[in-house]
Amino acid sequence: MDPQNLEYINQLLDKDVELREKIKDQVTEFDKKTRTLTGLLNKIHSTPPSQVPELVATVTPVLQSCKETTAALAELTPPNQFWRWKDMWSVSLRNAVFSAAFVEYLRSGGLLSLPRAAETLGIKDEWQDRFTLSAEDYLHALITMVNELSRLAVNSVTMGDFEQPLKISTFVKDLFAGFAMLNLKNDALRRRYDSLKYDIKKIEEVVYDVSLRKLAPVQTDNT
Amino acid sequence: MDPQNLEYINQLLDKDVELREKIKDQVTEFDKKTRTLTGLLNKIHSTPPSQVPELVATVTPVLQSCKETTAALAELTPPNQFWRWKDMWSVSLRNAVFSAAFVEYLRSGGLLSLPRAAETLGIKDEWQDRFTLSAEDYLHALITMVNELSRLAVNSVTMGDFEQPLKISTFVKDLFAGFAMLNLKNDALRRRYDSLKYDIKKIEEVVYDVSLRKLAPVQTDNT
Amino acid sequence: MDPQNLEYINQLLDKDVELREKIKDQVTEFDKKTRTLTGLLNKIHSTPPSQVPELVATVTPVLQSCKETTAALAELTPPNQFWRWKDMWSVSLRNAVFSAAFVEYLRSGGLLSLPRAAETLGIKDEWQDRFTLSAEDYLHALITMVNELSRLAVNSVTMGDFEQPLKISTFVKDLFAGFAMLNLKNDALRRRYDSLKYDIKKIEEVVYDVSLRKLAPVQTDNT
Amino acid sequence: MDPQNLEYINQLLDKDVELREKIKDQVTEFDKKTRTLTGLLNKIHSTPPSQVPELVATVTPVLQSCKETTAALAELTPPNQFWRWKDMWSVSLRNAVFSAAFVEYLRSGGLLSLPRAAETLGIKDEWQDRFTLSAEDYLHALITMVNELSRLAVNSVTMGDFEQPLKISTFVKDLFAGFAMLNLKNDALRRRYDSLKYDIKKIEEVVYDVSLRKLAPVQTDNT
Amino acid sequence: MDPQNLEYINQLLDKDVELREKIKDQVTEFDKKTRTLTGLLNKIHSTPPSQVPELVATVTPVLQSCKETTAALAELTPPNQFWRWKDMWSVSLRNAVFSAAFVEYLRSGGLLSLPRAAETLGIKDEWQDRFTLSAEDYLHALITMVNELSRLAVNSVTMGDFEQPLKISTFVKDLFAGFAMLNLKNDALRRRYDSLKYDIKKIEEVVYDVSLRKLAPVQTDNT
Amino acid sequence: MDPQNLEYINQLLDKDVELREKIKDQVTEFDKKTRTLTGLLNKIHSTPPSQVPELVATVTPVLQSCKETTAALAELTPPNQFWRWKDMWSVSLRNAVFSAAFVEYLRSGGLLSLPRAAETLGIKDEWQDRFTLSAEDYLHALITMVNELSRLAVNSVTMGDFEQPLKISTFVKDLFAGFAMLNLKNDALRRRYDSLKYDIKKIEEVVYDVSLRKLAPVQTDNT
Amino acid sequence: MSVVLSSRDSILEVFDHFRDELDDFHDRRERLIKCSRDVTNLSKKVIFLIHRSLTEGLGQSDERETSLRAVSRAKEKLKDVQNLFAGMREEVAGDRFWRHQRNVSPGLQEYIEALSLAHYLECQTLISYEEVQKSLSDADGTPYFPLPLDDYLLGLSDLTGELMRYAISSISRRGGRSKANEVCIFVRGCRADFEGLTPHFRELRKKQQVTSQSLEKIEDVAYAIAVRSSEYDLPPELLDDIVERTVAE
Amino acid sequence: MSVVLSSRDSILEVFDHFRDELDDFHDRRERLIKCSRDVTNLSKKVIFLIHRSLTEGLGQSDERETSLRAVSRAKEKLKDVQNLFAGMREEVAGDRFWRHQRNVSPGLQEYIEALSLAHYLECQTLISYEEVQKSLSDADGTPYFPLPLDDYLLGLSDLTGELMRYAISSISRRGGRSKANEVCIFVRGCRADFEGLTPHFRELRKKQQVTSQSLEKIEDVAYAIAVRSSEYDLPPELLDDIVERTVAE
């Protein structure tokens, strides 16, 4: 084999290892940020309604900072190789999208759409072949949000807020109806979608308890 | 292989085999003690609040007796080889630490610190490179304690004690906030940490049930 | 190979094949009976307390009929070969013992001992080297019973029987304490024993729900 | 979820299935062609040296026709998704490259370089992100060629051609030295590279036999 | 399930179970015969050319006796259900066809056609939908024959017969050319076809050894 | 559980643990001896024919010493429990039988029969229900011997002994014909028997190489 | 065709014939697999449609009415599936059905799952073997192909998973609360019926475990409902009214 | 630090400390894994270099000379590897070595494989434990870290695979023909020596199987050479000359 041919082939073989290292570093960064995000959002379960805007305010700058990471990953990924590397960051990306969507619910009570989610994280349309927000990742994030909302329904009552469970119930049922319109395959997404039923069941139980309590305070404190 | 080399290798090998046997014997002892400890502590789930101090009193001497075992193990382990052998006893050690920490919670409602846990089990600072209580083992023990506390929250209500779930809730959430600060890798500790969420959810639901029925004063935690 | 040697070996091989066939036939019979037993006992989950004695009465003759099968198997097994063939019938045997123990609980609320279980299935002491009830099989059967009892606790509540869960809770905790005293090695039995914890947790949660809502008298068991 | 968002997500989920079908059809085509190629080239093992050019001439148009298939595949693959789909056609592609390289050896005695191989199959540089000839596929094809050359060394002698084995020996050793310069990982390619040694061994045995026969016709025909 | 339906299902089931038993008995018979056949044919590897006709003569009556078995199986199989049950006997059938084809090669040096193979085993055209010789089974049998022929090529030389390898070489290459025409999918047949290459290589090496030493006339095959 | 029942079960469980330990110790001993045996016999592959008797002489006392181990195992095994424990020592036993059979071949060129194998290892008829040599273990040992003989055929030629392969070929073919007459079911033994074909092929190829080059007298075996 | 083939050409000639035969077989196989995949997808969509229709009905109309509307929509769509089976008729005529059974089987089972779910919602019973076979027959009652017993049973076994989903979502459905109990008893019966057949069908044995898990989940739902109703001791209708009013506020 | 932590803040304070400790550990672990990977890669390159050097020598010079040239090139490169180990010294000081042994182990074994191959080519013996430990020590003979017995043995076990490659390619090497036999005897000895140690090392047991396979392959090579030489009955040197002349023509 002539040396040039050889050199060329050897280069091709080596490049990938190096790239993987660099992406890994960015993912570690990304992971730290999403860890902070979920840590902050976890406080919602003991935050009274009045202080929610304050909590949301502390989350926003961290969400904002994710833009740098997505930009760095888009920069690193060679054109056309999105599908080759995406598994490395999809866990982090889903967590970031979950945070963005949860914040949106807390702020406006509405659902963050896929393009808006991408925008919030600074993902640009022109990165299409290097870094994009797939439907699958977006849907995973929404399911994570529902998991948290069922917990929030329970904890709101503990904190004396009897309206939140009703709002959550309506919001989640609507979202669930949306999922029911999708033609999901028998994959991880389908399994997690199936598990949503338990969250709905929990929320319904809370709504049930709250409704009956309101009208019929059957038992009185007897500690 | 030249005979001298073979001879040398066999010497090294024999020494290790013998040491392993001796450690194994001590671990069997250790294991018996921790089995007794967890057996005794399991009774907490049907012990009314008034009788807890009595139960704690039966546990203390067994805990005390673990000191002999840790000393024996420290004696056996060659200098600098702590990490080589620790897998042999770490299950037992974690159970012992769990017992010590659980007893502490039952006694004072507070968290046993790592140095105090080591002290309780008679682990000396100067054994550092032969027998020590690693952060990892300590954290595993705390997670085991949370698992038990979520059960205790449920069983306390059954026994008519509606204060305990609230205490547990505060304590566990504080602990969870601590865990959330750690950058856990994808290892056993991470998996067990993830499972904590289920315990917290369960505890939250107990608190919810109690609050809803006004069986205990409304919780006003707002950390 | 010389013909005599060959002939000899072939005889040995053929005899086993034939015996295996015969045992298989009996096991198929045995399997049918235990399938009927578990089928009948499965009805307990929708049987109101008042009709339990009736259900137990339908099970008894089938249990009785197992005696023929155990006798046939003891007859077939050559002296000394118990350990060679026992794997063929141990699943069926465990199911039969489970049925006997479950019936005993339903009838008297008590635990069927190993010798009594053997007696119920017509297993004679003098078969020792051909057919016997090993401790392992007996314990497996008890674990299966606990699995069913945790389901029964749930379904009793659905049928409006709030006493049953309390009885089950006491019985199972007692049994569990017994298991904790055995020296189980790390095998299938140990793994199943570990899984008992989930059943106990489930039962505790049922008792909790019942107690919380004052559907049954407060439990004051303090074993 | 709003219907537009839903529609959009559903589309994304469906598109892939269809594309996979289309690529499959092209691969079936490709496969047929490479089957014909290897079928024709298999004749080399019973073709006397004088008729080789003729055989090569029959192969060329089939090789030529592969250009249509590579063009079709490049057309189908969405920009940037090369890495997502390449596994579907890599077996066929390697066979085509093998054929091209083998033909080149038969024609000129030289090694077809990677860029020339791509060119022969009509693979364009500008398809980079949709269809390209990877170093890995090229190297697999060369190894397949060596496998065939060791057979050819044997069969040449049978056909009375004692020069071919010597030519093959030089060519393969050169190629092998080239492979030795690559930094291969422990993957399929490495394993196949390792197996090359057996081909070289076989070729050496032929060279050995031929050398000694030529100088010392020890045995004479004694059928 | 309503009892009528259950009854009906059980009827269908019983019929199948019974049929399966009967077929199994026939297959056991069939298997014994083909075992005898392959046992006899195995002797070919130490039979000098002159005694081959004698060996063939001992095989013929056993082959003949297979007709009873095929008739019994055709009798048992319900109309149109050939493909439902054939997996039960296809191993035996392939072995029988292999024996018939091998005998034919030994007798005439030619290839036994599929219809003749069917005829030899007494398979009637009118059984078409109950018992037939499928192309797949026939091809499997031919591959088994090639496996044996490569062994025979080696052993013939040991016995001093230098013509046989040349005959085998021509015959097998013709057969291989036939196989190469098929579009095999990734199934068992494909895997076995791939293994043919090793047999061919072995045969080529034998021919090489013989040619090199001029033990037989130079081969001038140039298809 | 009542204490008596518990005590009884614990006794049963403990007894087994203890016995297992004792058997394990003996098996470790047995294993050492068979390791020595195979180690010594492995030297055959580089031992010239003239020194074989000497090698055999070194093996005999070790074989002899196995009698103590079999006696110890027979002593330990409770009456009737042969089938319970035999898996613990069957690997060692097969290795010992292999050694005995290999030695017999090297000494006399003949096959050691099953009863003679048992006798060589000191296994007494009256131990029937505690320690015996099963047909299965004997046959496994013979297959291991064939594996070694095919290696020996190769290595004999390397050492310039061209007679040994011919002797091995005859011996192994005879043995193989014997195996073909056994009714082996589809189990481990059957799979290993199937693998014998590769050993026979290998031996045939060695005989071929030797015959082709007239390195030994033409073989005229026609079994 | 000569009986013994002694030249390369004669060999190639017969292999030419084999090639056609094998190609024919593989092509049919591909067509049937594709068709079975279409059947699977359509059937899955029917199942989704049913769940969706039941969800949509939430509180707006009477439970029975909601069910029947779901059933009628499903039946509409199931006709498309039945047409696909009718289209296979020729491909699997004669002895070909059993040759290709394994290729058709996944779709067939999914169809039976969807069909039996619609049937359950309509009649509260398990669809019978003959009813399924009839749905796979032409107007004269001639079957397109024989219905394999294992496909029938395996399809029914999957039904229990869908009923579990139905039971869980019933908790948020007006009047549906009593449904959970009904489904629980029904699935318990299915499991018992299947149990007797497991010795003969290995795959059913595996699915029985899934059925047992589904049953436990349904039991948990029935339990959750029972526990909550017991606490108040009001008629379920009234409870429903109260909840509805609160949510509507 | 208080012994019992009863406020959230005190808990967070100690966890802050745990975080630093765990991060420190993970970071060191990452560094060592990376370093071990570098060692593996460099060592693999040394092995390749040796095979390559032996191939290059083909027929041009005397066998012994070729080997020694390969060895001296290898030793040069092995120094780089040894420097990497020296660089790890601080990271694995005190009790840390055993904590991270598993992270260092893959590289260490590959290094031993390369080192022992060079050693074999130079001395025709198996490198001793002490020699390996010495190569991992500073100028004063103080070890960078203790050499685990299993890494030593597992590295040597892999050596047999490389010797198999060496033996197979020796068939095309002048004067190398006699090498195959030498290697065969040597590997047979290795296998026997390792056999006695397998009860104590599970991984070695698995590798023994690979060693046995390698041995059989080497035996086949020795056989192939023997068979061919026997046919002519000429001294190997002369056979080599004849082959060389023919190829050169």
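Just so it is clear, A, B, C, D, E, F, G and H label the chains in written order, and each chain counts residues from 1 on its own.
The rule is simple: a residue touches a chain if its C-beta (ideal position, glycine included) is under 8 Å from a C-beta of that chain, and two chains touch if they have at least 3 such contacts.
Since this is a predicted model, take the numbers as computed values, not measurements.
S.K.: Quick one: which chains contact chain D and chain H both?
M.R.: Touches both chain D and chain H: nothing.
S.K.: Which chain pair is joined by more contacting C-beta pairs, A-D or A-G?
M.R.: Higher C-beta contact count between the two pairs: A-D.
S.K.: For chain A versus chain F, what separation do you get between their C-alpha means, in angstrom?
M.R.: Computed from C-alpha means, the inter-chain centre distance equals 63 Å.
S.K.: Could you state the distance in Å from the CA-based centre of chain D to that of chain G?
M.R.: Taking the average C-alpha coordinate of chain D and of chain G, the gap between them is 47 Å.
S.K.: What's the distance between the Cα centroids of chain B and chain D, rounded to whole Å?
M.R.: Distance between chain centres, rounded to whole Å: 61 Å.
S.K.: Mind pulling the chain B residues that touch 2 or more other chains?
M.R.: 181, 183, 213, 223
S.K.: Where does chain H touch two or more other chains at once, residue-wise?
M.R.: Residues 231.
S.K.: Can you give me every chain pair that touches, using the contact definition above?
M.R.: The set of touching chain pairs is A-B, A-D, A-G, B-C, B-H, C-F, C-G, D-E, D-H, E-F, E-G, F-H.
S.K.: In the complex, go through chain C and note every residue touching chain G.
M.R.: Against chain G, the touching part of chain C is residues 31, 35, 38-39, 42, 45-46, 151, 154-155, 157-158, 160, 162, 206, 209-210, 213, 215.
S.K.: If you look only at chain B, which of its residues touch chain H in the complex?
M.R.: That would be residues 1-2, 4-6, 8-9, 12-13, 16-17, 80-84, 104, 108-116, 128-129, 135-136, 139, 174-175, 177-179, 181-185, 223 of chain B.
S.K.: Under the stated contact criterion, what part of chain A meets chain G in this complex?
M.R.: Residues of chain A touching chain G: 166, 169-170, 173, 176-177, 180-181, 183, 194, 197-198, 200-201, 204-205, 207-212, 214-216, 218.
S.K.: Sort out for me which residues of chain G touch chain A in the complex.
M.R.: 41, 44-45, 48, 51-52, 55-56, 58, 165, 168-169, 171-172, 221, 224, 228, 231-232, 239, 242-243, 245-247, 249
S.K.: For the complex, give me every residue of chain H touching chain B.
M.R.: It comes out as residues 1-8, 11-12, 14-16, 18-19, 21-23, 26, 94-101, 125-126, 128-130, 149, 152-153, 189-190, 193, 197, 200.
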